[in-house]
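One chain, chain A, links the two complexes that follow: it is found with chain B in the first and with chain C in the second.
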Partner chain A sequence: MPRSKARQGSPFTGLGPVFMKEFADHLSSARMTVLLLFVIAFGAFPVASSLQELRTVSAADPFLFLRIFTLAPERMPISFALALNFIIPLMAIGLGFDSVNSEFSRRTLSRVLSQPIYRDALLLGKFLGGLATLAVTLTALWLIVFGAGLLLLGLPPRGVEVARAACFLMAAIAYGGVWLAVSLLFSVIFRSAATSALCALGLWLFFFLLWPMIAEAITLGFAPSQIRSAEEFLAVEQMGFALLRLSPGTLFSEAVLGLLNPETRTFGSLLPAQMRGVIPGAPLPFDQSLLLIWPQITGLIAGMIVVFAAAYVIFQREEVRA
Partner chain B sequence: MSDDVIKIRGLSKLYGAARAVDAIDLDVRRGEIFGLLGPNGAGKTTTILMLLGLTESSGGTVDVLGFDPVRQPLEVKRRVGYLPDAVGFYDHLTARENLRYTARLLAIPRRDAEKRISDAMENVQLADVLDKRVSTFSRGMRQRLGIAEIVMKKAEVAILDEPTSGLDPHATHELLEMIRGLKKAGVAVLLSSHLLDRVQSVCDRVALFNHGRIALMGTVVELANQVLGAGHPLLVEASGIDIAGALQGVEGVQTVVAGGEGTWRVVADRDVRAAVAQRIVSSGGSLTRLADLQPSLEEVYTRYFQEARHAA
Partner chain C sequence: MRRLIALLVLLASAAGASPATAQSQPAVMQGLFLLTDYPAQTVRAGEITTIRVKLQNSGLAPEAMALSLSGVPAGWKIDILGGGQPVASAMPGQNESVSLQLRVEVPKDARPGTQQVVLSAKGARLQSAELPLALTVGTEAPAKLSMKSRLPSLRGTPRSSFEYTVTVGNDSGKDLTVALSAQGPANFQTTFTEGFGSNEISSIPIEAGQTKDIKLKVTPPRDVKAGDYPVLVKVASEGATAELRVTLQVSGQGRLALSTKDGRLSGEAEVGKSSTYTLQLSNDGTAAVDDIEMTGSAPTNWKVEFNPKSLAALAPNEKKDVQVVVTPSDKAIAGDYVASFRATARGESSAADFRITVTTSTLWGVVGIGIIAVALLVLLGAVARFGRR
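Presenting the complex of A and B:
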């Protein structure tokens, strides 16, 4: 009888139970409480300050509600969106850094894998469980900010503002997904949870602090010594942006800018020719803003999938025995 | 179909150039307890992992209950219970929650699962700690919880990797009773161990692993005959006369070796206890002890590896 090498049975057998267990574990864990406190402390302060400032603004602003997210108060130069830019990676790393290696250290992996499931289901269930936890937390945070805005500004948001804010929430979850996949990857590579956490945090610090400087240095190194035309300037600028956009944080902050500041038309410079007919300061319609940030959102999701795929490949080759 | 639940033919596993498992053949019959013995690193765990499809083999075929663990791992794992070496559970969950998770992975309907969990815990005498967190469990209790998982799963084959390592004598005894219980329930048991005297008491057949190969296979008596030579060994403790000289004359006695402190080890080709006793008493000696020496697996094991080392 000729035997095919293909394995039989769905790779998603058992995905549901794994997902439910991971989700329940995350929500009931002490770590989650700590992360929530952390998020509230870091998120509440910018929001409270920006709300205080916004209450004194009298000028008519069609997107007043969105300013809650983006306004950097004078006393504390961090907007809520910027705060999220570094809280989300920390949360995602906190949720994922020990997800696979803890199964090794608790010696549960071989027992769980001797049940009728494939490794695919285990890894995907862990990822989706973490992502769902992240989504629930961010949505709750988002709703709290929205509610606080309603109460303190006494002004209902317009439909388009709600839509923009909802897309902002989606972008935030996708951004979290990238870092969750990164921490999952490290938890597959390193058997020690401490090493995995250290590497994930190190990568985060690298992208957050060092990468902007490195990208600038590389760009300057490749730029011609004298920039003679606008085209040359644009080319150099494009290269700088391309390098910066390797960092998920850049993609996220650009997406936030495009969504929450409707006036944003481009992230770089506009040539005078492109500015023809533009009313300065006029907002873009929602669909145009969405089109502007579409590459950023796609980039985030693609990054998440690529990193997860790497974790998947490594996990499939891993020996089960501890 | 034959009565074999596990059929292994020419199974090999290479790690780089090292042969962890080297072309082994092995059959486990329905309802028997089969022991895989051998020093650490002889390939026992690797063989077990290949049976479950948790490690890919480098060659050979495996058939578990009519399924191929490489192509149909889900079917195999649905029917085979596995207790890994030093099994781990989720410490922050209770025993019930741990088993419930397994039941969900096995897609056992919820109402059915609760009944099966409590029955299984009853079976391994852990019913009173069903709702205690596993972090409070001793090593022996964890092993028993692992057995409960296999019972709950209603597995047809149970594969136990070093089930008694690290347990105190009492816990070991209890665990071996549970393994016998599995056999009574019609489950074929494959267990690996390096604790020989314990294994000897439960195993119907054993295979002795050495450097990835099966050196010897059969019942304990068969192995003893093969390694220690055929014959009935006796232990004689007597004084007063020249025992060696007196016993050489008994028909059937092959060798008489002094064991020190007034004891002799006698090997005969048949059961010569009555004749030996008569001879000693009739020649005026005082016989204080006469025992039939059961071939011990420990002896087989030690002797075999001594010889293997000499040969090498």
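Presenting the complex of A and C:
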């Protein structure tokens, strides 16, 4: 790379205006309203029914507040956390699938780039704008759930519960970021918004429906014909988990499990030798839970950055004049 | 055939000879007898006295014997009782006897003096027996109780219970209800039970002239010091008391207790790294505990080491610190575990369950941050490589 081609000035010049514009566009768009309605419909029902059920619980539960998020009510067999597991990708894809290619189709990209704004800043601004919108929506939803819990349960959450719930919110935003980066990548690759949306949704469906089955098939294929010891079984199980963890949804649900169910010690099976002396049902300290799910959080954040980097590289190499 | 007859005759004569030999043995007194322990008794005016009488038939054929009384003073009422019912005759079998009671009801205004009463039994044949009884109206012998114990001194540890069998006798002519009490040192528990029964009793009826066995159980307090402790057993009824002193010889016993200085039985340990906790071993007993061995059981592949591993002796009320080094296994998973530590001496042991919160190393957290940093570096590299203009 010749030195002369090196640019001058910060790549972040113009990041602020792009971010603000994107953020404002998202928040005022009709699509946002639809997504919000969607989120409220999917989020409110599990929370409302789990709150109904929690109000009848009389057993002392040190983590009662966290159960709002994880309790799967009888009438509706999904919990709030599970609902978020598939609403967040939809929201993120909805926010990002046409972020770059719409500029192409409206022929506004060259006009924007003729301003003192680098391509880097444009892409990063679009991504950050989407992420901020997602964060605002999720935070609002989170606060609504917390407020409803305070109102209907009538007891304040403990500090450690707030901390765990806040980390859950962070994990949700990171999970949204992964899918936002994926939809941004597709919006850079495909000039047609419809194709981009289809590809992003297809990938989501693939991970959501098909991947668990494929992972199982692969695991069974590699597993020895006869499992003779607990160690072999664990090895096979570990491989299955490793494959499943390629899906961001698995990472997110494991992170949720570790954060919101403090009793979670590990995600796989335990050897009988490891079970000896264990006090069942004892909650892990918060920092230990964080350490337990730290790989998952790392995977989500690093995945988001890597996918964004791929989108960036492709965008940089694209011909803009059209 | 003739031989057989001869044999039979021989046998018959042998059988016939045997009663004759029995008769020739030292004389068994034949006859009918009326017996009582005390033919001359004291009775009290206005009260009822029961006299036990036995009709003994020695070597006579059984026969119904009509019973009668003669010489009963005016105003007195004497009933002949058999099996609790008034009876008019008795029929003792051969070499057997029939128990009878004379229920003597003396009028209140009976004059002091001796009255002769004759109880007679007459059979249809010539057999008869008589029993003259001299009943003296007078001031009755005062109620009197006696008490004795075969084993008045027992030895044991503070944890054993001491059981004394006490025989209480009613030496008066009246049935008495006897109240039982025992006085021991403070905090000694005493209970009375009857003979082999399990019910606790506080009083017991004793018939005139009879004795009863009662059991006294003394439980010393656990923290009692070695030494001799007297317990005063008292029985009392109307106008009569008796006392007996029994002794407990309590020998000392050590008692181990395993805990920590502040009583907290939990701690933290990092995976694969040793953590040290200080346990406190104390002897709450009354004697020294010898040869104390420390053992511990922890989850699989954990290491538990004690320092010191064993103690030669621990005097009463002495406390000693024991360091325990716990190393969770490398493959342990974060969470709470139970490890139990045990101090064992001869006949004594104490265990403490310790709750250990296993934490994992924060190393992986740093690795995670490193991975994110690498991802950011990739992004920065892409910016540097593909940045335009």
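Throughout what follows, the second predicted complex is superposed on the first by the 317 of 322 C-alpha atoms of A that agree within 3 Å, B and C clash if a C-alpha of one lies under 4 Å from a C-alpha of the other, contacts with A are read in each partner's own complex, and residues count from 1 in each chain.
Here, contacts are C-beta pairs under 8 Å (C-beta built on N, C-alpha and C of every residue); 3 or more make two chains touch, one makes a residue touch a chain.
For clarity, every value in this text was computed on a predicted model and none was experimentally measured.
Which of chain B and chain C touches more residues of chain A: that partner is C.
Within the superposed three-chain model, A:Q288 lies in touch with chain C and out of touch with chain B [touch as defined at top]. When the two structures are aligned on the shared chain, A:K21 is found in touch with chain B, with no touch to chain C.
When the two complexes are overlaid on their common chain A, residue A:V278 makes contact with chain C while staying clear of chain B. In the superposition on chain A, A:Q115 contacts chain B only, with no contact to chain C. Within the superposed three-chain model, A:L205 lies out of touch with both chain B and chain C [touch as defined at top]. When the two complexes are overlaid on their common chain A, residue A:Q316 makes contact with chain C while staying clear of chain B. In the superposition on chain A, A:L270 makes contact with chain C only, while chain B stays out of contact range.
Once the two complexes are overlaid on chain A, the chain A residues touched by chain B in the first and by chain C in the second are 6-7, 118. Note for the complex: chain B touches chain A at residues 45-46, 49, 52, 54-55, 68, 70-75, 77-78, 80-84, 86-92, 101-102, 104-107, 146, 149. Considering their complex, residues 1, 6-7, 11, 118-120, 265-266, 270-271, 273-274, 276-279, 282, 284-285, 287-288, 290-292, 294-295, 297-298, 301-302, 305-306, 308-309, 312-313, 316-317 of chain A touch chain C. Chain A makes touch with chain B in their complex at residues 3-9, 13-14, 16-18, 20-21, 25, 29, 106-108, 110-118, 319-321. Residues of chain C touching chain A in their complex: 298-302, 329, 331-339, 355, 357, 359-360, 362, 364-365, 368-369, 371-372, 374-376, 378-379, 382-383, 385-389.
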